[in-house]
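Multiple structures are listed underneath, in structure tokens.
In the two complexes that follow, chain A is the common piece, with chain B as its partner first and chain C second.
Moving on to the complex of A and B:
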């Protein structure tokens, strides 16, 4: 049973490749893809609630003897099965959305999506560092190819190259780290390495192999300064694919870091609190940088991508608190975020499908003929701003409770307000025509930038197969929050987080008044930021600070340069700094 | 960043990273002092448990067979991804053949016999060796990956002999796709059969045989190796073919566009419209 979520999509992918000559039977292929991802989601949903097993599954039946694992293990807990289930659910929604999105796709799109799904689930469930790496790579290779899905344009190929090279550099370092730890411990099984690390004093080898192993994951989860590729890749990847990149793939990187820390390296790093502080600082930095870039962006897909970077920082901060409550908050926040962010990308996809552009300036007021999409997009944007009862508010509330540091709470709140406010600015401008219409020169520039649509012909109606997934994801974002407010559900989530960390669950998680107040304040602040963004020109105080649309901040563009060499250099520099800091802590 | 700034930052960062790596490597055991328990355990148990004398293959296709499944599908995905990335570029060439300079192929010297004869001579033995490698994983450290690559290089020899048309006829995209799918899917299905018999996924359910290392021993190991061989051979043929076609398109644009109809993969309409 636990092997099926990986194997079923793989077999389906092989079948669809063999069926390439039958590509004219498009709907059959679509059905196979939708059915497969739906079935995987169901199996994983079943695995979350399976309580009668220890969660270990040994492939080919090679159980460990005398504490030595010779085979490969899947370790299934509620958190990782839940994350994989989130990925499969998102995949199902995306496959339904794509039903009428591409006019002629052959079978390659389906094949790559299915291998991507298998990679995600395998990565989540693996209890073996090398096996985890294999599925991580399968996910990566599929993602690079999906990003370059429209190679007739220069953008997708460049974005995919950025993505592939920066992530491959990270993956090589991950493999180096695995080799290092294997060279000393002779083990690849996480529990076995963890036991070895626990028995030995902290050492350079353990510290640096931890650092190298998480490098690939830091790149994938777009933590500053490893984040540059993400916006470039999201801007050019097909919009349905972005749903999975933003909603799940980035979060999988963070899950990998948490897994490596709690299952393998945590005890060996000794001074846990200080290591946590390092990650907390990284998370807060990422949240701030993502929010600032988000605010100045006018390309809707890039804007959403920067908001993902900002949120990834918040998730990392939740993990870095090293408490069950912080981790449970991050997990809940990831789920809530995945649904609303997925909805936002699908909304952007519908806009691109109908209006042939994702440029906020050009689109100003033109979205008024898409009323349903507008309402759903705005609702999802409010969800992104932590409005209760969206799942995001409670997740953020738990992180705040766990942080017990007003400064962190305030900074993260400000980041959410700015990034979600930018999305609300898009919603208000595009779908309701609020704010000042763009000046003539801006409009000209926007039209020059207008990208060709991903679909063949702009349609007169939005098909139901596109609107339904958008609506479902938005509702799911609400449902996550409402479910988690139930004391049984929140206790179960907290217990799952404690189990993941191997810690006793102590503090009961409640819906505190403060989390509701913070959520409402956050949404209110985001609306204010959105309106301020729309009426910026009438507010001289703000104009003196920053002129939007002028692309004036040369410094910001100099960092986000689009040059792969720069991106890799920043990643290596970040890695060297992290290595120095960790060395100072361990010594 | 300017080139200079980048170089300075990169050098400093690399120096820092190298220092970290040196710190880590100082904790490694000395050369030849393997401390891990994995090797001795495998050496002790492998032949008895799998009846395969190729212990590396036993690890690849049995103990850690699930990793190999993932690796096989990485290659599968890479080949599919390459087809996606290259298909459009080819379509563009095909649409504007008039702008390509007309090349008169008759004036170009053909492939020299000094290349042609050895290449064709070696083709047969290469196929044989590839087949042998792919089907003897249980006996020695060979296996589907090595065998598959060797099989694909036999086709590359056909191309080297100047027979691009023969290369394409021997490996039409439809066939390579089907073989690739059969190889990759077959491996996954072997695991499923074990599951259907109530065993764990990829369990070695085939009788192991009595003589370690003989052709019929090792249970699923030679079977899996065979399917991996199919997949790898087809994937590399596809990859080599795609790249060769790109090269030929650039070198002799018109020549290939007029003959592309017999290769289903080169027709852009089969993939996606503009």
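Moving on to the complex of A and C:
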């Protein structure tokens, strides 16, 4: 049973490939893909609530003997099964969306999506470090190929190359770390390595191994300065794929870091407070950088990608608090964010489908003929801004409660306001024609207008199969928040986080007044930023502030250069800095 | 030795002006992991771990890392093939293989 979530999509993918000469009928492909991902989501949903089991599943019954694992393990807990279920649910929504989205689809899209799903699920459930790496690579290779799904255009080729090379370098560093820890402990199973590390005093080799292992995961989760590839890849991947990249894949990297810390290295490394502060600093830096880049962007998909970077920083900050409440907040925030961000990408996909562009400038006011999409996009953007009762507000509220640091709360609040405000600016400008059309930025306009040929030719009206997933994801974002406000659900989530970390929860997960107030303030601030972004030319005060600021932001191009060599250099520099800091702490 | 191969590969990726060269440098980076894995499992005086015509108690090198290396090579084959196909597409679309020119997006 626990092996089904990876076996089913892999078999379905293999069958689709094998049956390729026979089945040219497009709907068969769609049905198989929707059915498979739906089934995987159901199985995983069942696994989350199964309570009669220890959570370990050994393939072919190779149970560990005398504390030495010889078999391959799947560890199934509520948090990781929940994350995998989130991925499978997103995949189902996306496959329904793709029903009418692509002009011509070979078998490859469906096959790659299914292997991608298997990779995500396997990565979540894997109980030993090498399997985690293999699933990570399966997910990665499928993702690279999906990014370059339209290789006849320049953007996807560049995006896929940057994505693939940067992530591969990270993955090989992870493997180096795995080899080192295996050499030291003689184990690959996480629990067994964790027990070894716990029994021995901290050593340099263990620290280096931890650092190398999380490097690959930091690249995947787009933490500054490992983040450069993300915007290039997300902007060019087919829109349905972006939903999974932003909503789930980035978060999987963060899950991997949390898992490595709590199940393997954390208890043995010691120096908890200092290590937590390092991650907190990285998270806050990422949130700030992502929000600033998000604000200056005019390419809607790229803008959403930068907002994902900003949110990844917030998730990392939640994890960095190293308390069950912080982790529970991050988990809830991940779920709420995945749904609303998915809805926003699907909204962008519908705009691209109907209007043939994702350039905010060109689209200004042209979205008025898409009223339903406009309302849903705006609602999802407000969800991104932590408006209660979207799941995001409560997740953020718990992170704030766990942080007990007003400075962190304020910075993260400002980041959410700026990034969600940019998305609301898009919503107001494109769907309601508010404000003045932004001035044409030639370079960004050219980039955004490249987006052609992705979608179907029939563009007279939006098919129901595209609107329904958008509506469902938005509603799911609301439902997550409303469910989590129930004390039973929030206690269960907190208990799951405590179990994941192996420590008791100190603070309860409640709906506090401050979290509601912060959520409303955040949404209000985001609306204000969005309106300021639309009307700034009419207000002399804002004008005097904006124009020098805009020139300063030109510097940002230098960093986000689009050249692989620079990205890898930044990653190595980041690795060196992080290594130096960790060495200084653990010495 | 491993660190040197890793460093050479990374240096190549960072300074490369040719995509094919860059991809091969990535393979070099990965090769460092093969050497490391095999080195980690090496036992002085150990024989190959095929317990077919040798004693069950014979001193042998660690077979686990050999399995890991094989898996690693499979991963490498997939990634490299995919990357090289991207390079072919890049040459078709951009007319060059210099990573500094393969820039559609910036900023």
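We take it that the second predicted complex is superposed on the first by the 563 of 587 C-alpha atoms of A that agree within 3 Å, B and C clash if a C-alpha of one lies under 4 Å from a C-alpha of the other, contacts with A are read in each partner's own complex, and residues count from 1 in each chain.
By our rule, contacts are C-beta pairs under 8 Å (C-beta built on N, C-alpha and C of every residue); 3 or more make two chains touch, one makes a residue touch a chain.
Note that the structure is predicted; figures quoted are calculated from it, not measured.
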So in the superposed three-chain picture, is A:7 touching just chain B, just chain C, both, or none of them (first/second/both/neither)? first
Quick check for you: in the superposed arrangement, does A:207 touch first (chain B), second (chain C), both or neither? first
Please indicate which partner A:285 is in contact with in the superposed arrangement: first for chain B, second for chain C, both, or neither. neither
Looking only at contacts as defined up top, I'd like to know whether chain B or chain C touches more of chain A. B
Going by the contact rule set out at the top, does A:482 touch chain B (first), chain C (second), both, or neither? neither
May I ask you to decide whether A:492 touches chain B, chain C, both, or neither, giving the answer as first, second, both or neither? neither
Classify the contacts of A:161 with the two partner chains as first (chain B alone), second (chain C alone), both, or neither. second
If you stack the two complexes on chain A, which partner ends up touching A:565: first (chain B), second (chain C), both, or neither? both
May I ask you to decide whether A:573 touches chain B, chain C, both, or neither, giving the answer as first, second, both or neither? first
For A:148, decide between first (touching chain B), second (touching chain C), both and neither. both
Kindly list the residues of chain A that each of chain B and chain C touches, one partner per complex. 130, 134, 137, 141, 144-145, 148, 151-152, 157, 160, 180, 182-183, 188, 561, 563, 565, 569, 572
Residue ranges of chain A in contact with chain C within the complex: 130, 134, 137, 140-141, 144-145, 148, 151-155, 157-161, 164-165, 168-169, 172, 175-176, 179-180, 182-183, 188, 231-232, 235-236, 296, 302, 443-444, 447, 450, 556-557, 560-565, 568-569, 572
Residues of chain B that touch chain A when the two form their complex: 1, 6, 9-10, 12-17, 19-21, 23-29, 34-39, 41-42, 45, 62-67, 69-71, 73-74, 76-78, 80-89, 91-92, 174, 177-178, 180-182, 184-185, 188-189, 191-192, 194-195, 199-204, 264, 269-274
Residue ranges of chain C touching chain A (in the complex, touch as defined): 2, 6, 10, 13-16, 19, 22-23, 26, 29-30, 32-33, 36-37, 40-41, 64-65, 68, 71-72, 75, 78-79, 82-83, 86-87, 89-90, 93-94, 99-100, 102-107
Given the complex, residues on chain A that touch chain B span 3-4, 7, 10-11, 13-15, 17-18, 20-21, 23, 57-62, 65, 68, 70-72, 102-106, 108, 111-112, 115, 118-119, 122, 130-131, 134-135, 137-138, 141-142, 144-145, 148-152, 157, 160, 180, 182-188, 203-209, 211-212, 456, 558, 561, 563, 565-566, 569, 572-573, 575-577, 579-580, 583
